[in-house]
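Multiple structures are listed underneath, in structure tokens.
Next come two complexes, and both contain subunit A; in the first it sits with subunit B, in the second with subunit C.
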Partner chain A sequence: MQASDIAASGPAAMKPRLEAASPRYGEKITIALLAACAAISVITTTAIVISLLVPSVEFFGDVPIKDFLFGTDWGPTFTPPTFGVLPIVVGTLSITLWSLVFAIPIGIASALYLSEYASRRVRRIVKPVLEVLAGVPTVAFGFFALVFITPQIQKFWPGFLGDEPGIFSALAGGLAIGLLIVPIIATVSEDAMSAVPNGLREGAYALGATKSKVAARVVLPAALSGVVAGIILAASRAIGETMVVLLAAGNTPNLTLNPTEPIQAMTAFIATTATGDIATGSITYKTVFAVAMLLFVMTLLMNVLSIRIVRRYREVYE
Partner chain B sequence: MSELTEERFRERAEAPGNDAGDGTSAAAGGSISVQPDEFHHARDIGELEKVFELESLSVSYAGVPAVKEVSMDIYKNEVTALIGPSGCGKSTLIRCLNRMNDLVPTAEVTGRLLYHGEDLYGPKVDPVQVRKLIGMVFQKPNPFPKSIYENVAFGPRILGMKGDMDEIVEKALRGAALWDEVKDRLDSNAFGMSGGQQQRLCIARCIAVEPDVILMDEPCSALDPISTGKIEDLMMELKREFSIVIVTHNMQQAARVSDRTAFLMVELDATEQNRWGRIVEYDATEKIFTNPGDPRTEDYVSGKVG
Partner chain C sequence: MSDFDPKTARAQVAIAGARGVTAGVLSDQPRKDVVRNGLFGSLLFLGIMIALAGLALLVGDNLIKGWPRLNMDLLTNGTSSLPANAGLHSAIIGTLWIMAFVILFIVPLGVGSAVFLEEFTGKESRFARAVEVNVQNLAAVPSIIYGLLGLAFIARGPLSLGFTVITASITLALLVLPVVILVSREAIRAVPPSIREGSMALGATRLQTVRRQILPAAIPGIATGIILAISRAIGETAPLIPLGAATFVTYDPSGPMSGFTAMPLVIFNWVKQPQEEFQVLAAAGIVVLLAVLIAMNSFAIWLRNRYEQRW
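Now for the complex of A and B:
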């Protein structure tokens, strides 16, 4: 319909125009582009799972899954090879445990300090520094652990704890990764604490609560879901960390929770085994995929578990 | 509502040392008028114990004055209302009384504020200790994201109060006229309650620590008229045990609940850049609303301005 038609036929016959003026191809192209970008990460994840799954399934054709998961002897590159994955799973868990033991209290304490005690000026300086610390290349952390943390541990090792750790130890690796993940826990927790409504703090102060009571009994519980989210993020980072464990904790499969001994983590095994001279289709090749698959399942389970924990314990405020 | 209210009024009339309304106002409780049929007759000042004595108290934020030179006495077991237009410093003033302003780093208080004769801003006074004695209920209900029980038990727990916690919680909830509504769901989250219930929970939380004074900063401004009525009834009960200071922008509320009313107004400086609150008149509520001494008060309470 033409505009002139409306004018000619007068107001009584006027029909408003309701159709779009153009087909608006630009709009459709925009939507398609955005959806394609969003699809990339979904496709990538699916591709990774499939590429892990295929060689893993082949691997379990050669090695019974029971022997893999519960065997305590790990030597897939030896002759004869052994495929009990427990030593390196425990190695990974040990590193993660020690790093969290170190990082959770320090991370939460830093977050409480920044959110509840620090002046605005201090917060403006410290928070970006923490975020930079989280971005330091991990190989630098690994080297730092090797040349600084390990010698300090050896120097100040209290004799009553037994033999001092050697050049590689789960403790040194755990401490270095702990340093690496403190900023993650601190910044994510601090965001959650700052989001706690001021009215809750005032309500507690008005009852005669001290600052520390307000922080520990009101702010921390109200921010708990955010704090747990930060811890999970940090734990996933610790489980997946490679360079630091390789440099600080060694590369020796060792079924132990003793932090003074060297260990091999799953990531370290993958990084040192999956090199260029590995024969495609060999059992060693397939082992790498099986370990990677297991690592993937472990982090997935942890994420699912964490979501349930957060749902169960969080305090909802409006 | 009127039956319940009437009973309360009778109780109040019979209570020793309390000569509030005689019940006739409650019987006519249905009528909506600007002024209550019967004011609480403020007693003669001579026979009253002073809780607070303010002597030219001024508050500023980062050097900018918010309230200037307030002088007034606040009496025990009375409801004292602070009224006035927005920005006249009512909230600032009430937050001085339990040193909540200390939490604002730039706040500065000058002048004198005596609490039972002691300087509340004296060098040895601990604001945490002050707030144990002088509780506060806020404009927006702010229950903790915990169960109803834990909300009430919070104060007694952090203060290490002795006694059976179940009893303390029940007593406080009864005191806030909330027990019958929540006794079967003490473990459910406080956010599941209505706004009015949440505010009464905040009052219960406050009285659980057995304060001496309750400060209320526009406690009903976020509530509907029925919830507001319940809280007003509650205040009549509470003043037998506590002294209450209430900030309200609702003049009818001040007229209904308070014994004494202070009217504050905004003042501008010559450049009209800076504004602060100043007290215009402070007297028995009945006088403020029926025969104010200052024409500005009369304009405000009669609704001509503000």
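Now for the complex of A and C:
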């Protein structure tokens, strides 16, 4: 269209055409397909919730929810069966606790070292190695706990701490899981520490702080919410970890936080009971799903908490 | 100070004096601080060394224990109840079959989701927010729960595919899909808006912009995510246990509807055997698995660092 045509044809024709020249059905179909891809994750969540909820509801028809949550006797495959879930919940928490006792100091120290002390060259080598540690399959950690960590603990066990741990113990499992979650705490914390504005460090130096004071009293507190989020993420990973507890921590329901004793974790119960030949609809089947439901709720709550902390922290510096 | 000549003796003395005073005031770090600084630094260094030593011990211990069985027989022998004849052959074939279908699922689904979330939804879209929250939560669901989903929904229940390669593939694909989506989104987000705007200003449609500009620019990041996801899927054992891990598959899986076995499962079964020879075999198997995974992860990390584009 020429300029003179526009001038000649009046105000109605002057309105520029901005809509597409063709309806582009192909593009609309493709976008709908992409939306369908994105919907898969919603469908997956729904499927998980349904597949856990239905047998759990049936289970609570047979076993009162109070007896399940607060009972201290766990023997769903015994006759007569008992359904007090506390021993295996405490087993899971004990493992998580001991893994965190090991992983929190190591993880934070690694993060502080990488972010404040390491030269660029060291950081460029060490960070990928830590990421490789995160990629080691869990069955390898379980085997390592069983054939390396446990014998070493028994060999170097100081007598004044009481009896040494047996072949299966919460301590061996906790240490192996601790090693497994160190990279999570280290990488999430390191990200938070690198996000601390340099102005804070320079301000502290200008006031005469030493390097260690800057790291411990300025960077660490400023990055604390990120560090905490990393710890929660690691704890939720430890709670859900299966192979290590299955191989190294034992399969004995045991209501104790004593790390030298064998325990049964929730995941270990699920993995030993829900093998391919379990009969759908049996009380054992429903028990497995009720335990899994509890596990799902525990990790979900921790994840929501961690996301919330990260989000709050983001508002501060960006 | 036009008459100031730094070469004169007086100027030299003045400069030296000023330098001495400045250095004396500024570098006079109390001995206590020097000690404390060094101590703190070494403590942090010790922390990271413990983590790295743990990794080195894990690799070294398996290498030493598994050394007698680390030969070609390990890769060519099939499953056997006799430790002397047992090997990873069926397991490797099984893992390859499972991974082939995992890749088939996660590449289109993961990249499609990421493209949709980054390019075709607004920040305030409720659907996009729902998906985002879902992906974040799915990433944190324990892997054994995916196994139960596979048991209740895929092997039995609505899909009823049985304890087959395809069941294992779908289960593992769902497990690692959040990784692909999260990493791909990150890669797509890193492409600056000016590329999009430039493309659209030249008359490209949104889909053409995605296909010709954004995806090519984001491919290294997306590939990193996919490799990391596959390496995670190869190493996962827990979700496969409810899918009939106890079943002893002695043949080579031959297709999507065939019974399955996988490397970590076979290693897990070996670890559980009482005989000492099986422990050696398990260590050797772990070395093979570790070699594959470390190679894949290193490649992914290298890829990310190599093609990390600064716009």
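What we mean here is this: the second predicted complex is superposed on the first by the 282 of 318 C-alpha atoms of A that agree within 3 Å, B and C clash if a C-alpha of one lies under 4 Å from a C-alpha of the other, contacts with A are read in each partner's own complex, and residues count from 1 in each chain.
Here, a residue touches a chain if its C-beta (ideal position, glycine included) is under 8 Å from a C-beta of that chain, and two chains touch if they have at least 3 such contacts.
As the structure is a computational prediction, the values presented were derived from the model and not from experiment.
Trainee: Should subunit B and subunit C be called a clash or a fit once both complexes are overlaid on subunit A?
Mentor: Verdict on subunit A: clash between subunit B and subunit C.
Trainee: Output check: A:T210 vs subunit B and subunit C. Expected answer is one of first, second, both, neither. What do you get?
Mentor: both
Trainee: Which holds for A:L200: it touches subunit B only (first), subunit C only (second), both, or neither?
Mentor: Only subunit B is touched by A:L200; subunit C is not.
Trainee: Could you look at A:A38 and tell me whether it touches subunit B, subunit C, both or neither (first, second, both, neither)?
Mentor: Second partner only.
Trainee: Applying the touch criterion given at the start, work out whether A:L53 contacts subunit B, subunit C, both or neither, answering first, second, both or neither.
Mentor: Neither: A:L53 stays clear of subunit B and subunit C.
Trainee: Examine A:I167 and indicate which partner it touches, taking first as subunit B and second as subunit C; both and neither are also allowed.
Mentor: Neither partner.
Trainee: Tell me which partner A:I29 touches in the superposition: subunit B (first), subunit C (second), both or neither.
Mentor: In the superposition, A:I29 touches no partner, neither subunit B nor subunit C.
Trainee: Contact-wise, after the overlay, does A:L301 reach subunit B, subunit C, both or neither (first, second, both, neither)?
Mentor: neither
Trainee: Does subunit B (first) or subunit C (second) touch A:L69, or do both, or does neither?
Mentor: neither
Trainee: Could you pull out which residues of subunit A sit against subunit B in one structure and against subunit C in the other?
Mentor: In subunit A, positions 210 sit in both the subunit B and subunit C interfaces.
Trainee: Once bound in the complex, which stretches of subunit A touch subunit C?
Mentor: Against subunit C, subunit A makes touches at 20, 24, 27, 30-31, 33-42, 44-45, 47-48, 51-52, 55, 105-110, 112-114, 116-117, 126, 128-133, 135-144, 146-148, 179, 182-183, 186, 210-212, 215-216, 233, 236-237, 239-243, 247, 267, 270-271, 274-278, 280, 288-289, 292, 295-296, 299-300, 302-304, 307.
Trainee: Looking at the complex, which residues from subunit A come into contact with subunit B?
Mentor: 119, 197, 199-200, 202-210, 213, 217-218, 221-222, 315-318
Trainee: Under the touch definition given earlier, write down the residues of subunit B that touch subunit A in their complex.
Mentor: Where subunit B meets subunit A, its residues are 98, 100, 103, 105, 128-129, 131-133, 135-136, 138, 140, 142-146, 154-155, 158-159, 189, 191, 202, 205-206, 209.
Trainee: Inside the complex, what are the residues of subunit C that reach subunit A?
Mentor: Against subunit A, the touching part of subunit C is residues 29, 33, 36-37, 39-41, 43-48, 50-52, 54-55, 57-58, 61-62, 65, 108-110, 112-113, 115-117, 120, 127-128, 130-131, 134-138, 140-149, 151-153, 155-157, 163, 174, 177-178, 181, 205-207, 228, 231-232, 234-238, 241-247, 264, 267-268, 271-272, 279, 282-283, 286, 289-290, 293-294, 296-298, 301, 305.
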